[in-house]
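Multiple structures are listed underneath, in C-alpha cells.
You will see two complexes here that share subunit A, one where it goes with subunit B and one where it goes with subunit C.
Moving on to the complex of A and B:
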C-alpha cells in the first residue's frame, strides 16, 4: 500500500518518538546496572535503597525494596528508583558557567556531543523483516493499517552514515575541554581527540570485513546477509574482527580501560571537570548512547544480529534445517539479548581491567591493531575471492 | 614489544573469569542467606557483627545478688588518659567493701582505650558492644548511676537500627 505524504511524516514522527523514548529509558537503566554489576563484582551489594530510610516519603519504597531483597535473583532490582533520583539531581543542580569560559562553545559542546550519539540510531535496524514489528489497527486516525517497521530508515550507506556521524561526537568532547578554559579539561579533550583519531582507523578496518564479505553498506542488508549467506570459513575473520572491533569500540566510547579522557586519578574528571548539572548529564547520556550504538553494531555484524547463531554460523543451520525452521526466523529478542549482553560486557570489563597508560594505548592502536586488522581484512578478501 | 604484555588475552580472560565468578556468586547466593557472599552489612536493617573484643561504651557490672562489683579502688580514675571517670567513695549497710555513691562518666571525652577495664582488679567494668552512641544533646553524654542514662544498661539514645 503506497503511503501518502502525511502518513509518511506521521509514521516517521511516531517512530522517532518511540526510539528516543526507548533510548532515554534505557540509558538511566544502564547507569543503574553499572552500579549493581560493579558492586556485585566487587563483592558488595551496590545501590539497595534511596534516601530517607524506612520512614518519611520514601519509606514505603525502601520497605518494599528491603522485602525484595529476600527474592534470590530479583534482588538485583533493589535500588532501581535511584536512577530517577539521579535524573532529578542532575536537573535541579545549579548550572555553573566558569567566568573565563568561552560561553557559546561551552553551552554548545554538550549538544554537539549528544546529538550525533542519538542521530546514529536512525540508521540502526532493530528488526529486518518487511512485515515490521506490528501493524496499527485500521481504527487509528492517520496511520491505520500501516506497519510499524523495525528500523527508522534503511539508507544504502547506513554504515558510512553511522561512522561519519558518530565521529562528530568527539568534537563535543574537544570543544568542551577547550571552552572550559582550564588545564585538566583541555588535556582530557586533547587526549580524547588523539585517541579517537588513532582508533578510528582499526575500527573502520575491522568493520570493512563484513562490508567486504557482503558487498553492501546498508545496515539491514549487512545484518541479514552476514547471518544467512556466509560460508563456514567466514566465521574466522568475523570471530577475530569481533574482538578487534570491540577493543576499538571501547576506545571510541572512552570507556574503561581506555577512559583516558576522563582519567580521574590524573585529570580530576577530564573534559567535563567544569561542567555541572544537566550539561554534564548530556555528556553522560552521549557516552551511554554511544555504548548502545557500539553494542548494536557489534551484535548486528559479528554476533549474527537478529538471528540465533553468531559469526555467520546461522547459514550452516539454514543449510541443515531449511529456511522455514523456527530456529531460522529473525527475532528482535535475539538482537536485544545480544545488545544487552554486550552492554553487560562493557560493565564487566570496567569492573575488571585497570586503565591503560597513554603510551600503551597508542602503541596497541598503531603497532598492533592496525596491522592485525589489515591481515584480517586480507583473510576476508581471500575468502571472498575463493569461496563466494 | 613490552607494551603488548599488558594486552595479553589470557591474562584479561583470567581476570574476567574471576570477576565473573564473583558476580555470579553474589547474584545467586547473596542477600541474607545464612552465609552471605558479600562483605558488606546492610546496616540499619541488619546489625553489624562485631568482634568479641570490640570496644564500645563503658558499662558497670553487677554480681549475682544485684550488688555493684565496684569497690572504689580508683584504679580506673587514675589510669584514665582523658580523666573522664569520677568516683566518690561511700559506705553501705551490710557491705564490707567501699561502695561508690557516685560513678560519673563523661563519654564526650572518652577515647575508648579500655585502660580502665584493664586496670580494674575486680572485673567490675567492661566496654560493651554498643556503637550507636550519637545523641542530639551534650547532656546525654554524661552518664551516672541514676536516671535513664545510667552506667548499667545500654544507652537508649542513638538507636538507628531496625534489625529484625
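Moving on to the complex of A and C:
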C-alpha cells in the first residue's frame, strides 16, 4: 500500500519519537546496571538507597516482605530509581563555564558529542522482517493500518553512514578538552583524538569482513544475510572479526581498558574535568549511547542478529531443518538479548581489567590490530572467492 | 612553525592518585616527563618537636599519626627504642603478641598498597577485595586495643593488657582464609597481560641507586638486595620465627608487586607461628612510675612495611622527655627516588611509580 506524504512524515516522526524514548530510557538503565554489575563483581551491593528500604513509596511492600522473613522479591532492583535521581542531580547542578574557556566551543562540544551518538540509531535495524513489529489498528487517524517497522530507515549505505556519523563524535571530545582551557582536559582530549584516529582504521577493517561476505552496505540486508546465507567456513573470519571489532569498539567508546581520555587517576576526569551539570551529562549519554551502537553492530553482524546462532551458523541450521522450522524464525528478543549480553561484557570488563598506557594503546592499535584485521579481511576475501 | 612547548602540570596536592597530599610538579613534553619534582610538607605537624615536649609515655600517641596505615609498626619502634634507652627487658609473651600484631599490620598496610596501586593502574576490583580482608585485620586491632587506625597499641615495657578473650580464635579465622584471598588477588593481576604491560620494566631503580638514595624495604628487596632488619638485626620475637625474605631481581614495578605479595604470605606464616607458640606469662615488665633518663642516645630501627623505620632518641639527665627525637621515615627517604624513576618516562608511569613506592604522606611530612 503506497503511503501519502503526510503518512510518511507522521510515521517517521512516530518512529523517531519512539526510538529516542527507548534510547533515553535504556541509557539510564545501563548506568544503573553498571552500578549493580560492578557492585556484585566487587562483593558489594551497589546502589541500594532508593527503593527497597523500609520507608518511602516502596516501604510498605518491603516491610511486608521482611516481615514474612524474606528479602524483598525485587531486591536486585533496589536502588533502581537512582537513575532518575542521577538525571535530576545533573539537571539541577550549577552550570559552571570556566572564566577563560572558549565559551561557544565549550557549550557546543557536548552537543557535538551527543547528536551523532543518537543520529547513528537512524540506520540501525532492530528488526529486519518486512512484517514490522506491529500494525496500527485501522481506527487510528492518518497512520491506521500501517506497519510499525523495526528500523527507521534502510538506506543502502547504512554502514557507511554509521561509521561516518559516529566518528564525528570525537570532535566533541577534542573540542571539549581544548575549549576548557585547562591542562588535564587538554591532555585527555588529545589522547582521545589520537586513540580514535588510530582505532577507526582497524574498526572499519573488521567491519569490512561482513561487507565483503555479503556485498552490501545496507544494515538490514547485512544483518539478515550474515545470519542466513553464509557457508560454514565463513564462521572463521566472523568469529575472529567479532573479537577484533569488539576490541576496537571498546577503544572507540573510551571504555576500560582504553579509557585513557578520562583516566581518573592520571587526568582527574580527562576531557570533561571542567564540565558540570547536564553538559557533563551529555558526554555520559553519548558514551552510553555509543556503547549501545557498538553492541548493536556487533550483535547484528557477528552474533547472528535476530537469529538464534552466531557467526553465520544459522545458515547451517536452515540448511538442516528448513527455513520454516521454529528455531529459524527471527525474533527481536534474540537481538535484544545479544545486545544486552554485550553491554554486560562492557561492564564486566570494566570491573576486571586495568588500563593501558597511552603508548601501549597505540602499539596495540597499529602493530597488532591493523595487521590482524587485514589478514582477517584476506581470509574473508578468499572464502568469498572460493566458496561463494 | 612547529613550536615545541613544555607543559608544566601539578599532580596534587588534590589529585585522585597522589595518595594524600603529595604534590608532584611535572614538566611534560607531550606525555613524556622531562622533569619531576615531589613537593612535600602539606601534612607537616612537627611530630618530632612535639614529642620532645611529651613524656616518654605520651609520645607514642604521636607515632600513630605518622604512618597511619601502619600505626602498630610505629608504636613498636617507639616502645622498643625507649626500652633500649633504659635497658628494659620485655616479657616473652609480650614480645610474641607485639610480633603478631606488627605482622598483621604489615599485611593490612600491604593490602592498602595493593588496592590503591591497582586502582591507580585502573583495576578497580582488587581495591575492594583487598579492603575486605583489611577490614578483618582492623577488627582484630579493635578487639585488642579499641582503635582501628591510631592504635597506640603497646606500652613501654610490654603491653597494657593481655589479649582479650576470643582474640586468638578471631585471628585464626582470619589466618584460615587469608591465603586463598591472596591467591584471588593474584588471579586478577599476576598473569594479567595489561597489568604486566603496565608494570614490567616500569619505574626501575637499580640496587646501587637504591643504596645511594637510602631506599629500603620492598623496593630495595625487589632490586635483589635481601636486606630485612627482621633478619639482619632481629627485634621483638623475630629471632624465634621462621620466615623467608622474598627478593626479586628485576627492580621494576612488577618485581615490587611480587615481593610485596610474597611478603604478605610470609607475614601470614609469622602470625601463624605466633599463634601456635604463644608462651604463657606476664605481658608487662616492672617499671618505675616515672621514667627519668640518663644522658644517652639510641638509634633503633625496625622493618616497617615501607622500609627501615628508625627512631633516634637523645636522653637528658633527669628529664622525663626525650631531649632530641628524630625519625628516619622510610616513605620520606624512598620518595627521593621518584624523579630518578620517572624522568624520561610517560605520565602514566609517574602514577605507577608513586603507587609502587608506597608512600604515606603522614610519614613523609611528619
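Descriptive notes on the structure:
Keep in mind that, in the parts below, the second predicted complex is superposed on the first by the 364 of 388 C-alpha atoms of A that agree within 3 Å, B and C clash if a C-alpha of one lies under 4 Å from a C-alpha of the other, contacts with A are read in each partner's own complex, and residues count from 1 in each chain.
Note that a contact is a pair of C-beta atoms (placed from the backbone, for glycine too) under 8 Å apart; a residue touches a chain by one contact, two chains touch by 3 or more.
What you see is a predicted model; the values in this text were computed from it and never measured.
Contacts of A:256 after superposition: subunit C is touched, whereas subunit B is not reached. By the touch criterion stated above, A:329 is placed in contact with neither subunit B nor subunit C. Within the superposed three-chain model, A:353 lies in touch with subunit B and with subunit C [touch as defined at top].
When both complexes are overlaid on chain A, the residue A:66 reaches subunit B alone and has no touch with subunit C.
Once the two complexes are overlaid on the shared chain, A:156 sits clear of subunit B and of subunit C alike.
In the superposition on chain A, contact is made by A:45 with subunit B only, not with subunit C. When the two complexes are overlaid on their common chain A, residue A:8 makes contact with neither subunit B nor subunit C. Shared contact residues of subunit A with subunit B and subunit C: 41-44, 351-353, 356, 359-360. Within the complex, the subunit A residues that touch subunit C are 38, 41-44, 183-184, 187, 191, 256-257, 259, 263-266, 268, 350-360. Those residues of subunit A lying in contact with subunit B across their complex are 37, 40-45, 48, 53-54, 66, 69-70, 72-73, 75-76, 348-349, 351-353, 356, 359-360, 363-364, 367-368. Those residues of subunit B whose C-beta lies close enough to touch subunit A in the complex are 3-4, 6-7, 12, 15-16, 18-20, 22-23, 25-32, 37-40, 42, 44-45, 162.
Those residues of subunit C lying in contact with subunit A across their complex are 7, 9, 15-17, 31, 118-125, 128-129, 132, 188-189, 192, 194-195, 197-198, 346-349, 351.
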